Amino acid sequence: MVLKLDKQKVMDPVMNSEEKQTQRLEAFSDGVFAIAITLLILEIKVPGAEELKNEKLGSYLLHQWPKYFAYIFSFGVLGIYWTNHHYLYKLYRRTDHWFNMLNVLFLMTIAFLPFPSAILGEYIHEPEQFGTSVRFYALGIAMPAVVWLASWLYASHNKRLIDHRLSDDFIRLLTRQFILSNLLYLVAILLSFYYPGASLALIIFLNILYILPPKKPIYQ
Amino acid sequence: MVLKLDKQKVMDPVMNSEEKQTQRLEAFSDGVFAIAITLLILEIKVPGAEELKNEKLGSYLLHQWPKYFAYIFSFGVLGIYWTNHHYLYKLYRRTDHWFNMLNVLFLMTIAFLPFPSAILGEYIHEPEQFGTSVRFYALGIAMPAVVWLASWLYASHNKRLIDHRLSDDFIRLLTRQFILSNLLYLVAILLSFYYPGASLALIIFLNILYILPPKKPIYQ
Amino acid sequence: MVLKLDKQKVMDPVMNSEEKQTQRLEAFSDGVFAIAITLLILEIKVPGAEELKNEKLGSYLLHQWPKYFAYIFSFGVLGIYWTNHHYLYKLYRRTDHWFNMLNVLFLMTIAFLPFPSAILGEYIHEPEQFGTSVRFYALGIAMPAVVWLASWLYASHNKRLIDHRLSDDFIRLLTRQFILSNLLYLVAILLSFYYPGASLALIIFLNILYILPPKKPIYQ
Amino acid sequence: MVLKLDKQKVMDPVMNSEEKQTQRLEAFSDGVFAIAITLLILEIKVPGAEELKNEKLGSYLLHQWPKYFAYIFSFGVLGIYWTNHHYLYKLYRRTDHWFNMLNVLFLMTIAFLPFPSAILGEYIHEPEQFGTSVRFYALGIAMPAVVWLASWLYASHNKRLIDHRLSDDFIRLLTRQFILSNLLYLVAILLSFYYPGASLALIIFLNILYILPPKKPIYQ
């Protein structure tokens, strides 16, 4: 593999280093992550004279707890996705056109997250809308997981883009882990139709699990 | 060429590597792309009590389909432009002042796209405004293509900024491809005056074509 | 340490350089800082016809001084935090999973700052809300300091992530300095219940102190 | 100088390369530039049903020309500042604490620009507010020029941070050029009190001049 890459370098004079292969892809992804995560705060609005007519500023700020919850939780979710992106891309040796496209699709689902997050922050405390807002959030949070799995299957198939020295067992382990993630989000979506509270609890529980360190890569 | 660059390095002690030549330009461009693409979500607003007076949250979210369409399509367009920027800049060996200026102009048209995209998302389903919103979108999406072509003509003329080893046939191929793109966008703009639906279909079709992988660079 | 890292490089073929260890972490943090700091301007709104009914544009712009103050001060605070982030990360040799998570938590508190800043800019000149807005700001500005201290204690404990050659005295000096910072913010929060003006003065004084250059690292 | 730097590298094991010295500073600045420049589009609002009651979408979009002008001009101004930042930082060999602080101050004035730009876009066509909006814009655009000059004087004094091999004549040339810039902006501000139209013309003329390529660095 290393030899093959060196050979490629000779033939393709533009490609200066292996590093370059995923460098701009990572920089662009970091940018989208950083912006999506920082835009979350824009959903918490400064109250005007209208909102403070019947309420003091202090109690208004306290009553914003659903928005703080949505901010903290969605920041956490995006932060964890970023950490995992960071972790996974260290296993990649190169990128290709379709993988770039899958990454654009992945970022599309990441940049969408502030919207369901804002819906949840606005309607979590209204019993009538609670079910819908949880369902929409579950759907929103499941989408990056689906594209994540698709990207991984594409990249790891016959070790197309990943480090050739990674052990097959380790690759299978990650594949199984990403499939399980998708199944659990599917459960959360279905659950949200009947028990939205339990669905939200499952989503939170899942993302607390993801805070645990990922498995160290195992090489052959 | 390589010898010439090495010589330049000796004379100009600040220039440490060829890499540096387009590095900050790419980083800045990536930043603008990442922000423009992530700002698209801000066009989908969270409904207030007013909007939900006669409608449930669930049906409101479903009725937002034109905005989802505009989000997905514009994210795709910007993502494809970024991928192509990424692809083309690998063919460049260096940059100069006027090319920097053309790149600023290009980014100006890229950062403008969220506005026609929001117009389309707001008025695509209103028959009276459909024609105008498609025309404005066609215009908005054609502008980066015009500057893209101008940048390429500037950079590739006498291989001013691009890799000297690229074959002349390959350069001509790209030139023809970029001119064709511009002509097709011109057709879409003209078409939008009479058949806005066909115009939008052409724009969508064009951008689906752009998802296909670009031609591999051919060296002499 | 250097030998150990070199050995690790041999075993782990993906890790090309020590540089890479904190590179994406710093890039991502820079992104969040840059966005949070630039979003501050969005809190200063362009007046519409309504706002200019009883006031000329010139006098309206002058009366916006609390917003300019909040912009300048919060920009300064975030800028200083960024400078210190920049300074401290030069002392780190590597990162690990939990440190990444602490950094996400730190960025969560940084990205939150535009909100209390906007509250302060909106209500600093309303006597009734002055106390609450200062208290909220003191709380908001203390949070990054708490996570900053936690990150440092984690990274410096047994020189887990920092340069092994840093002198113990220097490490203790930084630890004491970060603890003192936290205590002073605690004083500011408590003070805001009784003397909000003095609390704000203390916060401003503290951040003016932080403009002074940090101590040069001392190696053994 | 090079020898001195090499020595410093030996004493300070964290400093891996000269490159690193201004790298994060440039990345952070690029981020703020990229965001400020992309936020400009947010000032052009999508019309709601209210705005389109007495006007068709097409004519509404045409009547937005002051906003397009403000967008294009401010994008140009920020793009040119970025290009010059890019140009000047290639002359710097290293950075220090106070220069970092000056850079934060510079970015503060850059990130502020979208606000006077939005004011200009909103009120350029209202005769009553034209003078004030031009004056505010002139003030806003002069501020980065002031900090730019201060940064340069600090960095170039005794060649504190810049490349030691730059010729004294070249340094004096840049100093004179930056001072002239400041004087012309001062003229524009004063002019805006009596002839706002002439003031705006001067500002536009100045920035068209800045599109010209900067002088090539001259080494001793």
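Letters A, B, C and D name the chains as they come in the text, with residue numbers starting at 1 for each one.
Following the convention adopted for this analysis, contacts are C-beta pairs under 8 Å (C-beta built on N, C-alpha and C of every residue); 3 or more make two chains touch, one makes a residue touch a chain.
Keep in mind the model is a prediction, meaning the values are calculated, not measured.
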(message) Over half shared numbers or under half: where do the identical copies subunit B and subunit D land at their interface, same or different?
(response) different
(message) For the identical-sequence pair subunit C and subunit D, what's the CA-based rotation angle in degrees, nearest 5?
(response) 90
(request) Please work out the Cα centroid separation of subunit A and subunit C, and write it as a whole number of Å. (result) 25
(message) Averaging over Cα atoms per chain, report the distance between subunit B and subunit C in Å.
(response) 35
(request) Please set out, as single numbers or ranges, the residues of subunit D touching at least two other chains. (result) 27, 31, 34-35, 39, 42
(request) Note which residues of subunit D are touching subunit C in the complex, please. (result) 11-16, 24-25, 27-28, 31-32, 34-36, 39, 42-43, 96-98, 100-101, 104-105, 107-108, 111-112, 114-115, 118-119, 122-123, 129, 132-133, 135-136
(request) Over in the complex, which subunit D residues touch subunit B? Could you list them? (result) 18-19, 26-27, 30-31, 33-35, 37-42, 44, 46, 52, 56-58, 61, 71-72, 75-76, 79-80, 82-83, 86, 90-91, 163, 165, 211, 213-214, 217, 219
